[in-house]
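Some structures are shown below for you to check.
Both complexes below contain chain A, partnered by chain B and then by chain C.
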Partner chain A sequence: MNNKQNLIGIFFAVLVLLPFGIFGESAEDIIAQVDRRQTSDSEISELSMTVIDDISDMNNRKVFRLESFSRKGEEDGELSVFFFREPRRLAGMAILSRDDGQWVYFPSTGRVRLLSGAAKGGSINGVGGDFSYEDLGTGNWGEDYNFSLISSDETLWKLEGIPSSDDVNYSRIIMEIHKNDYIPRRIEFYKGKINPEKIMTIREVSAFNGRMNPAVIEMDNPSKNSRTLIEIHKMEFDRPLNDNLFHPRQFYR
Partner chain B sequence: MKIEKWRDYALFLQRRKIPLLITVALLGILSFFSTGSIEMKTRIEDMLPEDNPIVKSYTAIGDEFNTSSILLTVEDGTPEEMGRVADELVALLKDDHDLAANFRAVRTKMDRDFMIDKGFLLSEMEDLKDFKNMTENPALLPFLTSLNDNLEAAWLNDGGDDINSPSEEQDLLDSFNQMENFVHNITNWIQGDERDARYAADNLIDSLFVGDAYFYSPDYKMLIIQISPAFSIGDRKQLSNVIDSIKEKTALMEKLYPHLVFGVSGDIAQEADEEAALGFDALYPALAALIVILFLFYFSLPSLRSILFALIALALGILFDLGLIGVTIKELNMITSSFGALLVGLGIDFGIHIITRYGDSVEQGISPVEAMARTLKATVPPVSIGGITTALAFFALCLSKTKGFVQFGFVAGSGILLVLFAMFTILPLLLLSFKKKAVQNKRIRISYSFLPAWGRALQGKAGISVMAVLVLLTVSAAIFIPSISYDYDMRHIGPQNTPSKATENRIMEAYELSPFPSFLSVNSLEEAEEVTESLRKKRSVSTVSSPSDYLPSPADQNQRIEYIKEWHKNLTLPEADRLGNDEILELSDEVQRLEWNVIEIADISSVNLGDESRIIEKRDSMIREILGAQAGEAGREVFQKLIAALNDPAAKERINLLNSEFQKSLFERVTRMTSVDSALSISDLPQSIRDEMISREGSSFLITVYPTDDIQNRVGMFRFDSEMLNVHKGITGTIPLSLALSKEILSETGTAALAVLAVVVFFLLITFKSLIKTLLAMISLAVGFILMIGSYTLLGEMNLVNILAIPLIIGIAIDYNVHIIHSLDREKSFETLMASTGKSILLSALTTMIGFGSLALLGTFRGIATLGILLFLGTLSALISSLIIIPVILSRQGEKKSGEKRIYIQEELHEQ
Partner chain C sequence: MFLKNRSICVFLYFLFLCTLLQGQDNISLTGYGEISGLVGLADFSEPEKDQRFGAALSSTFRLELMPMSGITAVLEGTASFSGGYLNPLGRFEATGLPLDASFVRAGDLPGADFNALFSISQAWAAWSYNSINVSFGFIPISWGSAWLIHPSDRVNPRNLNSLFSDETKGVPSLTVDLALGWNFGASAYICLTDKSSDGLVSLDEVRPDKLPFGLKFMAYPAGWEISAGFVRETISSDVFIGNNWIVADITGNLGPFGITAESSLLLPEKDGDWDPVDALELSIGGTYLVDPINLEIMVEYTHLGAGSKDPDFYDITPFLEGTALFLARDYLFSRFSWSGAEAFTVDLAGIFNLNDGSVLLLPSLEWEPLTDLVFNVGLIFPFGKDSSEFGGTRPLGPGLSWKPWDAGTVICNMKVYY
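Take a look at the complex of A and B:
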């Protein structure tokens, strides 16, 4: 092997090894950090959700103001309930989600209805706009997907996630995570191979109760030409929440 | 050309006046006869290339189906009264046999027998199963219980069927209407309706299985009668006569029922209103303009006779152009039909230059022939340069791909050349043939002495100040230009304050749909079904009327027939149970459950549709305004009224009577509806449906798509167009055609403007032989153009009609600038330039502004009125820029000196 060949060999070795030296952390480490920082014992938030059915008609929008409570269930599951505060017509309507079902409470009639078929990938009659339960699924990325690192720059890691569970509705996701806070800034959700089905962008990150969290989240759905914007106004973590809050009987009081 | 040549020409005109006048008259007569072969084409498709897919589809549909309609409305009565009055109105229309001969079909209601006999074949399997469940025990209590179970299963238990499109919203709305009618009819009966129980029971069942008897609006405040005409929409005389006769009948009904409102709309009525408006626009603005112009000329020009001759020459020039159209393209469309106004605007300017100068010369005592020779020598070069430049600019439009533009370029270009020809031949011939006797003219005349003063002022400091103000104005106007918008909706071009338009607006409001549908012709029912399903999911679609709704696929029909036959075989009428107090209480509970279901379904639908949807509006009107746990404004409380009626102990007997008849009637109805043994074919369809949806040859099927009322705004219109294109490229109609034409014109406007500009610059360079003069003319043109568009941005939008102002204003502005520049070579001072050429330009501009101003003020066609506004501003801008820019710049170059006498007359006298 002459000197020239040696140089080429070194050059390729540097090219191959360089990313590992620069990236430092593996994809699993990064996503574990993302999940860890999104996980809490409980969350209380006040948020508004703006649903734009057609982004060429930005004036035509529906705005909901919601109050949301969630915490870990007894057996690893998630318990959540959110109440509509606005618009006035829906004020007081609540949607309760537990592992054993979902319930809707209608203040207009005082009745509670058990929903039999609300799927993980869907939303109840459009509640959530372009967000499905799965898109918002916090702290479970590592369980649902196998991630690999695609690239890295000074501020962001770019990861690709391939589903590891049958419960997942997407064929892959591409996630860009900020190196400072491990909060994703952009997630592309794919069903086909080329164009993303949905694109989630974190527009703003703020400190709530001393903890950094997405404050403005935008979800674009290019195939429907729609957009949903979630703005979090207030958020509290790890406050004890009573079991009754997550039981349908609370609505019968 | 030397003065001698012009003198020879003037003498020739004077000596050969008789044969020349006869020749002119003969040419006029020939042209007049040639106009007979011109066809007026008023439809949008006439302006687009025939190979455009939307045009091809539209033409094919027009050949195969009758898509025109007359819509009559009855409004502001109770549903029952409006139905009765609608029947009376239809009878009145049909009694007039001459009028009725113009109708192919009149539809006031659904064909009840067809819906009963074939209704189950048209229902989805899922719905059939629901019907079967609901009618297993046909008494009121089990029926209502089953109805509630089905509602909850369909709308609530699975998180609800997603209601995303207006079409799905309409389906839910129809269900709410059926429920309201059902509950309302039971309440009426219990509370003492005098009709017999069987009749009441039949009504109840009709409200559930047949739906509304008439085409009511969702709020039941309007009813529509649809008439298919037996004549084409192109038959303008016929459509006006028919609409007039219909209006006579509705006026008669208004007298009989003064508390009701009657309306006439649809494309036929709108065409009739537009025809009337066209007649108004063609006469009254022109008359008003003529009167004002005559006043202006009377006080400005020495001879009214010369004005008349200029008008005759102009009219003959236009007639020659019409004659040329008659032997060449043989048609006029919405764009080219404005050529008359254009030629009047430009052509009269040519004439004014001639008669002003000729009149001045004659007044100075110069002989008519000599005066004419000098006039022609002075005016032919600049007028020709201006005219030919404008004509070439119009001819440049012939390079466009848009049929409307090409034809407009040819008609306007040739028109200008022919008017120019008439002004240089016929006008001098008339002036020399019918000379004015020398009489003392005692009229008070405007001296226009301010013009020389203006010319003088421009050379001083005032010139700089005026220029600075103009620059400031131009920069301000340029800032506004990017915000100019284009109105793509062709329906905004027509008259807006017509009775048919008012009715159309009320229909849009009441039905939340546009009465201007789009169409698709398909060759198979399978394709119709597939396309219909896609269309109904679209947000911009309100209603789809499809043959697949009436002729399901053979496979679907066979599956249904099998199910229906089995159902029919097992039908048994259970023994009638008498309703005791407990059962009546249970019935009352089921009514309450029904109310709650309606409330919750509306609540959950509002997440998707918003809280101002038709569903919410309907729920709040039939129950009460519901704001979460709070109640708002009162509604009709249809469910609570029934609950109260059921709880009245005195009503027990009547409830039982109704229950018993309901049971029998429903059993009989189900027996009849399940007596189906063969599949539906085209021949089974009611005539009105066949007429609407099946082609004359029976080989193709028509799908009609009604957009939501969102198409009134641009975003909604584009959404509808793009959704239609996604579903099928062949979907056509007013909206797709309108957008196709607008897009084509907008994409061509840039290219056309560049071509026009290139032609203008090239021709000016050749004629002026000076880069500076060409540049000056172009700067003045650009400033005028910026001022026009910038100022118009504050007043309105561009549209298909007023976009034509762009080439026209280029022609007008070039004309003014060429005159100024040309006169500078002849005139020795700016004072004299302003006194002669300035006066001609001012008079021309005032004439044009009065003409277009009258259209702006009096025109009922919004497109024409906006064209008038734009051209008024354009002419004013061209006048300002031409009378400021060139004089101020050139006076600074020292090319002309102030104070010199005008000497060209003396020079020319020397030439004699």
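Take a look at the complex of A and C:
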């Protein structure tokens, strides 16, 4: 085989293998796919959240049931509203997130309160467990962080994200993304340099209305020895949601 | 008497409805039962005084119906049995003053060992269509974002309940809420009762110039909420006493701090003297969450223009009327709230009278051992000189005096949600 034949062979091999990503995808490409597959025009879901204050005492747990509505804002950003169904103590309480504000409505008092910035970053008092208000509001990873590829094996990509926005409460994140579906399986959230503040693990991925989505999400907080589990029971996508659902006015009497 | 019998009928009808509608998809039935006990701590300055005890038992039901898209109806009622110092009538009787006419009108017997009361705290229906929401019935009207008192709330009485609970009772009213585009809104109410909330006004009292109403406009610039409006407050419609207020409320975030500023300014009457400092009610404060230890810190300054800087001029009448909770002019409210492990929440609140130096300390401990079961132990510790607001005794009239904040009190409470 002469050199000319070799070159033609290599040319065709490259042509055939290119669509299979022989050269690999960049971190930006991967995270763009993650965002694209996680994003929909709107989402309606029913979920339960189990808060375990101390992992060594797994029987001591609180369970919350919520109904959630979310959609894209007119400009960038996400609009979401959570209605608590259980426990009965919190039934009817609602949390609305839009723009930079988060409002909580208490049905027993009829009062509406705008949350402070610090409260947003912290756990929802007695409610949110290890998910902060920021974690509950679905973010746009590509906008909030600059990512670089750390490693890659047969099934997972490992990416590191450094904040590109002042609104983010973490100093960096490490994300493992499955190559089959571009759904993250593990995210480590750091505030310091060495030990992660929180570790999020996707335990189960299911099809909801024909679309793959995390169904069981676990958040561990090693420093507090606590764990919070979110189970999604029902999910619908791209249903029209009225602006009024995301207007604080809806709670006023 | 009419009002009480009607409440009983509505409450029983309500229970009947709850039984019938249980299990329907568009219906939510929630509620809670509550057992409370009160013990007065020994007052060593007055050893001859009787010890104070109180007990109360109550059950509250809340029924929410959504019969069709855009229509919501809510009915919330409470059956309560109270005695001793947890019986509001007994507490009032302890002052030695004649009972308020409204109690007699409601058919309650003062001095009874146990006071049984059926009350409807909310009964309203709302209709929503696009950007407008209209509600009518017994609606809780809860204006204001401050913590200690709400200067812009000119509907609800200010009393001990409003200090220990943020819950507001429904008042017969019509409210309209409007979304004016994405970043603006308007809210208005008109009430068919005065601030004493002693029942519906009689026919000859329903004159437009007597009815309390409020109108405010809201704006939501990124992460903030700003509102301003006008409020007509009717203290009493029997002998008409009305006030006009301009109200404003701002809440938002400055970095990690949550900021709240709420105010109301009493407008001058035609021929009266007017001093803006006397006419102003203002609450301004901030909150901060110490994230690593989940400690929330809250500090708020409150100015009450109608109050006095001099303890000799403290006026106890508005306190007894339920139109004022405090007697002085300037206060500092602080609160430290720590939600720790094992379902405990520790709270330490303090109200500091900046004019006479007296203090009301309000520590409490909450424990939720099981879902929907909550225990609470709270203490009320007043400190101050004899002439001060929280430590002193106030003269009421010839031979009559009253110590509004008696020696320390312990209140225990158990709540079960169902």
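As a convention for this text, the second predicted complex is superposed on the first by the 211 of 253 C-alpha atoms of A that agree within 3 Å, B and C clash if a C-alpha of one lies under 4 Å from a C-alpha of the other, contacts with A are read in each partner's own complex, and residues count from 1 in each chain.
The rule is short, and it goes like this: a contact is a pair of C-beta atoms (placed from the backbone, for glycine too) under 8 Å apart; a residue touches a chain by one contact, two chains touch by 3 or more.
Worth saying up front: this structure is predicted, and the values here are computed from it rather than measured.
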First (chain B), second (chain C), both or neither touched by A:56: first
Partner chain(s) touched by A:161 [first = chain B, second = chain C, both, neither]: neither
Touched partner set for A:87, first chain B, second chain C, both or neither: both
Partner chain(s) touched by A:108 [first = chain B, second = chain C, both, neither]: both
First (chain B), second (chain C), both or neither touched by A:243: second
More chain A residues in contact [chain B versus chain C]: C
Touched partner set for A:99, first chain B, second chain C, both or neither: second
Those residues of chain A which chain B touches in one complex and chain C touches in the other: 53-54, 60, 62, 87-89, 91-92, 106-111, 113-118, 122, 125-126
In the complex, chain B residues that touch chain A: 152, 156-160, 162-164, 539, 596, 599-600, 603-608, 610-611, 616, 626-630, 715-716, 718-719
Contact footprint of chain A on chain C as seen in their complex: 28, 30-32, 62, 64, 124, 126, 128, 130-131, 133, 135, 139-142, 145, 165-168, 175, 177-179, 182, 185, 187, 189, 218, 220, 222-225, 251-259, 286-289, 291, 294, 296, 339, 341-343, 345, 368, 371-372, 374, 417-418
Residue numbers on chain A that touch chain C, as the complex places them: 53-54, 60, 62-63, 74, 87-89, 91-92, 99-101, 103, 106-119, 121-123, 125-126, 224, 242-244, 247-250, 252-253
Residues of chain A defined as touching chain B within the complex: 53-54, 56-57, 60, 62, 64, 84, 87-93, 102, 104, 106-111, 113-118, 122, 124-127
